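Here come two complexes built around chain A, the first alongside chain B, the second alongside chain C.
Let's look at the complex of A and B:
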């Protein structure tokens, strides 16, 4: 969980205040721009992201590294696998 | 074969266009081939620059229109047009204009937003939609 972050975030996108599907779209765009192996974090305050983001990461066959709740938002972290 | 989502966009009110645009975005994000078939008021909404001034909301919830528009501005919700452009950016989205409506309203492809891919008839849409996994009428 949040204590054991075994990764380094290469890029962080702040999508707080953006609505469904905004944060997911930010993640998809961010992943496209990232080199393979890169780790992307997206900050989202949209409650839909909790399910949408892991679902997309799995479908797109990248690695979901976790959802880390903060005050009023969540940091979603994924590694680009291909 | 890539899974397909087919959406018939009949309505031209912002609330329904918003729903169609978000569903199209979801389909595109999840790797589906998304096809929008614009007909009647849905096609009218895709006239060049029409979205910039379209403030219409479904008649049955008309009294909510000012509040809804206000909230969308205040919370900086992307417009349905921005959603569709975003969907096209991340995935495979094609937009077809109904040929019958085009004739009815004396429209040419050049009268429409440039994101409209082509003009087709209903038979073509049905032929392509029958292989689809998700078909919606909005």
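Let's look at the complex of A and C:
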């Protein structure tokens, strides 16, 4: 799993090209399956994720750790807070 | 020696793979075995309409014998898979009641089958117990769903005795089969209540986990105005956390609570129990699957398709249908001793309909590269869907389309 200075990703979901159910659904599914404190990354090529994913993470009171642009997609990272 | 392909699951995916392989191989080259436990093939999209019509559990619109849908070259085993051993290429099957007599197994109730190639088309199962406050669904449950024939029939009875109040429709867990279904149900319910003269006495509330009423923005843009026109209330960002069936209140992890008189809740889903028991699934029992080749990750000679996979495509008969054609084409190449070509990769293709009530529907066609551009709901797509519901039995399981 990729590793950065601030956090270690416990699970990564490749949701590139997912329109239905879509990257946010994949993130919600991943968060539910993760233990509290776990860090989840979701890869998305959907421009809508830039708004959707941080909004949901905030609304659900988890920790949004960042959006990291890659070639043709973005890696969204969040920590399960409760 | 013929190579042996073993397929687990008699839904749309498993049945198509079996039929295509049987049709395009000779007995000297390949034998094809399909194992499933019920002896029946269900057309699950038919469950959506059941609450509003008079179909029973054995209606030919939703249920037919699996054996009649299979090519004569498919060796059809009716039994429950007890163990999948991918190390030794073996599957242990406990025969369903009566099967040993049909098959003349000499009284044996279990057998082990070897394979050269294994296809996991094991589908999804409902796991209501994954949502706090719900337990295994039965006829007395104080909540409803239309994700099994029994559930849809119970809901049919509940609706036919409904006299008004608040109906709440929501999604209990992610992922779930057929993402448009709760929305379609909502639209069909609105029309049905109107025709029965109950709409003015009924408040309909649609609760959805995402920041809009449907995962895809272009689709949400088409259907949100329809909800508003029909006076259907909706709440977004509603991820159910628990249900109190005595107080009749549903609670979200976002901190909201919604009371109801009749709750229609898509139950949480999981992969098949045998997948969890065999250690082949992830935390929810979905099989880690290559999004292009449909091979099970880390398991040579094993393919997975349909609801059983962890792919980021909708869990739907449509996805299973397109994936089955890819799995069959790859297996046919492998059986010929060839490397599957670049034309035998899954591109994420899905085609489905979204009923919007009052004899109208729209259509969603998409793949990994192209999002859907749903047309304005019209009679045309509704008729196409209705035709498909009938034509299904004659063209889809056989692998003719």
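As a working rule, the second predicted complex is superposed on the first by the 75 of 82 C-alpha atoms of A that agree within 3 Å, B and C clash if a C-alpha of one lies under 4 Å from a C-alpha of the other, contacts with A are read in each partner's own complex, and residues count from 1 in each chain.
The definition used in the following text is that a residue touches a chain if its C-beta (ideal position, glycine included) is under 8 Å from a C-beta of that chain, and two chains touch if they have at least 3 such contacts.
Values in this document were obtained by computation on a predicted structure and should not be read as measured data.
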Partner chain in contact with A:15 - chain B first, chain C second, else both or neither: second
With the two complexes superposed on chain A, say which partner A:54 touches: chain B (first), chain C (second), both, or neither. neither
Touching partner for A:25 - first (chain B), second (chain C), both, neither: both
Chain A contact check, chain B vs chain C, more residues touched by chain C
Is A:38 contacted by the first partner chain B, the second partner chain C, both or neither? neither
Chain B/chain C common contact set on chain A: 17-22, 24-25, 28-29, 32, 55-56, 59-60
As the complex stands, chain B meets chain A at residues 22, 25-26, 29-31, 75-78, 83, 86, 89-90
Contact set on chain A toward chain B in their complex: 17-22, 24-25, 28-29, 32, 55-56, 59-60
Partner chain C, residues of chain A touching it in the complex: 13-26, 28-29, 32-33, 48, 52, 55-56, 59-60
Considering only the defined contacts, which chain C positions touch chain A in the complex? 173-175, 179, 209-211, 215-217, 237, 239, 253-254, 282-284, 291, 312-314, 348, 350, 364, 366-369, 371-372
